[in-house]
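Just passing along the structure, written as structure tokens.
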Amino acid sequence: MKTVSILSLFALALGLTAFTTMQKKKVVFFGDSITEAGVKPGGYVVKIGELAAKDKVADQYELIGAGIGGNKVYDLFLRMDDDVLSKNPDIVFIYIGVNDVWHKRSYGTGTDPDKFDKFYTAIIKKLQAKNIKIALVTPAVIGERTDSSNELDGDLNQYSKAVRNLAQKNNLPLVDLRKAFIDYNKANNPDNKESGILTSDRVHLNEKGNQLVAEEMWKVLKTL
Amino acid sequence: MKTVSILSLFALALGLTAFTTMQKKKVVFFGDSITEAGVKPGGYVVKIGELAAKDKVADQYELIGAGIGGNKVYDLFLRMDDDVLSKNPDIVFIYIGVNDVWHKRSYGTGTDPDKFDKFYTAIIKKLQAKNIKIALVTPAVIGERTDSSNELDGDLNQYSKAVRNLAQKNNLPLVDLRKAFIDYNKANNPDNKESGILTSDRVHLNEKGNQLVAEEMWKVLKTL
Amino acid sequence: MKTVSILSLFALALGLTAFTTMQKKKVVFFGDSITEAGVKPGGYVVKIGELAAKDKVADQYELIGAGIGGNKVYDLFLRMDDDVLSKNPDIVFIYIGVNDVWHKRSYGTGTDPDKFDKFYTAIIKKLQAKNIKIALVTPAVIGERTDSSNELDGDLNQYSKAVRNLAQKNNLPLVDLRKAFIDYNKANNPDNKESGILTSDRVHLNEKGNQLVAEEMWKVLKTL
Amino acid sequence: MKTVSILSLFALALGLTAFTTMQKKKVVFFGDSITEAGVKPGGYVVKIGELAAKDKVADQYELIGAGIGGNKVYDLFLRMDDDVLSKNPDIVFIYIGVNDVWHKRSYGTGTDPDKFDKFYTAIIKKLQAKNIKIALVTPAVIGERTDSSNELDGDLNQYSKAVRNLAQKNNLPLVDLRKAFIDYNKANNPDNKESGILTSDRVHLNEKGNQLVAEEMWKVLKTL
């Protein structure tokens, strides 16, 4: 009897392991240079793994970076088959928008607001057709001044509203980095600096920025 | 016997009529404001119809405008199901590129050269998958000065090269309006005027411009 | 004796008249299209005259418009001899900045922040060298949305700060239209409209806008 | 007799020396980053000195660089008192225009064509008022492709025409680098490369570029 029960337990354990393995969630972070850096040491994707480990659930997630520098929403659209769908993810975080605004200024090739909506929607529809869970992320900052005087603040607020509207309209969870970064800066940037609080260069994340993004995303990810 | 043979001839005639009807080629002109104006009186699409009539083949073509003001290559991509494929065309003229260049200056939302290629290629592939014949058209002018000093001449030359390369690479017929317009202006614009030769406002076609576009397109269309 | 005293009174009266005439303050409004429209019926310069009349001091002011559409700070610098100094004004309102920001987007020829400061300072110095009183005016709005999502809000806030700093640094009175317009819109634009509250087209003043500008300027003008 | 004649020769020598010293021409090269680099080893100003040495007239010239990176025509205007007039030059080469065109694209703060003319003219007038000789220089290249497809070719041609017109109108010598660079590239850039022929990065001069500029300028300088 003892032997049998031990074997049963062993079998049960094996079964549970198998079950757990099958439950491992594949999460793709789909974005631009911020996400490209996110999978490097200290990056936000790595830090999400650390947060999962702290919560003892690291083995439930496979975290995959799919960020390419300079990407705008239609770059994501053009490469989503190759870089996202091919990986059969369970969950995709769409984290885009900084270059859609920024490239208006730097290259003259930003994204029209209505086209931003259309391509973003097309991405959502294609992911939903595959039953992939989606979380939307607002673009955080281009400049950290707290008095609304960063050159592209107006547009960044507008495109962040667009992402919020897309989340609401499609009933999707939202990681509102735009709000989180502004709130953090209002509390921690008394000298109205352009960078150095959450970014190294007004756009790309420093250690604190990666930590904040990881925390905001983890809050959402663990509910999915 | 006689009756039979008359009936047979009648049947044959019916058959020929049906055959002719089936041969009527549906041609879609897919583009921007220039094409939107092209279907209005005096527009280039109307004038192609006149050229076909002069050649006694007007009844072989159904000419359909699908131009929307402000469109860039990815607008065409986004609306091609609704506005082109839904019409089951035999032939599509893709006439785009002016706004891809111009909007860099006016709105900061022009099209990156590599993205111009990618979306253009995606349109070609989708049309070819339906066995639709395609003709490519280079963007003509933004300014008619003949000494290469129109503000956007450099980019317009670059994007026209891209269209030529796409035609060659995909073995497609080309209507090289960029070349045709420059040649015409070199011969007919001795005062180096910005507009008034083939355009009314540096971009949109006047009567002569519509005529030139119609002639250049008709040369290609009647071979397809 | 009587004759003499009457003559004396007459001479005194003449003297007073002359004195009053000499006291009439010549005020130049130096700016862009907003000021160009300001001297037309219903314009803010006309309305300042009405406010002066209401306060029974209309005869103390000669109000002169010197606005030209499309002007930026260095246009003012280039034409200040011809259009301002030649008129020997007592007071100049410098009302500029919208195009310095806007033309970055529309023509690629906006004004660098440091150059905005340098030319603005050069104008101030030249006016001060002639003992002309100066009032500075912040650029009001390009878009009236109240949630900081007008495309150029960031830069407009930045250039308004520059004007405020110039006023403080040079100890000059300030008409802070940027602040006044935002405050007014927060109270009166509950639907977050782009235009129609104080402007007709996001930039140019409607009747209420002209009235607000006139009131804000009059508050400062009557103290000079 | 001998003593006298020796003394006479000595006096003559002294006189010649004094004469030579007084004749030494102070030449200021007034421009942007290209000129800032021009005074460094291998730079075009250094190479002009070498050409003067080869022609045995190096001691007749004092060559002074006054280039600052990023400068546009109105930067020259703003700093000409400090950086040019203060040095009492005999001759000034005005070599500007690349950033007036380029910054339209990169920062949205290029120079309007009419303002380019106005500030350029103001610089000429101020130099002429001091009896300083002036040579004008057209902006060379932003990109070295030979098929007129560099993004900013159109505008660069337009602003070069403006410089040529200013030279003609003011009867001033012209160093037409735009023409010289295009001619050189047509002969030496068979692969239609963007850079590497006369520039290192499409704009800044490599060794051959510095040599070409030096030769073109020396041709004019030695006639002044």
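As written, the chains take the letters A, B, C and D, and residue 1 is the first residue of each chain.
Simple rule for what comes next: a contact is a pair of C-beta atoms (placed from the backbone, for glycine too) under 8 Å apart; a residue touches a chain by one contact, two chains touch by 3 or more.
The chain list, named the UniProt way, goes like this: A, B, C, D = SGNH/GDSL hydrolase family protein.
Note that the structure is predicted; figures quoted are calculated from it, not measured.
Of all residue numbers used at the contact between chain C and chain D, over half are used by both chains, marking a mostly same-residue interface. Averaging C-alpha coordinates per chain and comparing to chain A, the farthest chain turns out to be D. Interface comparison, A-D versus B-D: the pair with the greater number of contacting C-beta pairs is B-D. Look at where the CA atoms of chain A average out and do the same for chain D: the two points lie 52 Å apart.
If each chain is reduced to the centroid of its CA atoms, chain C and chain D end up 42 Å from each other.
Chain geometry summary: the mean Cα position of chain B and that of chain D are 47 Å apart.
Those residues of chain B in touch with two or more other chains are numbered 104-105, 107-108.
Residues 74-75, 78, 103-105, 107-112, 115, 118-119, 122 of chain B touch chain A in their complex. Interface residues of chain B facing chain D in the complex, by the touch rule stated above, are 104-105, 108, 143, 147-158, 161.
Touching chain A in their complex are the following residues of chain D: 105-108.
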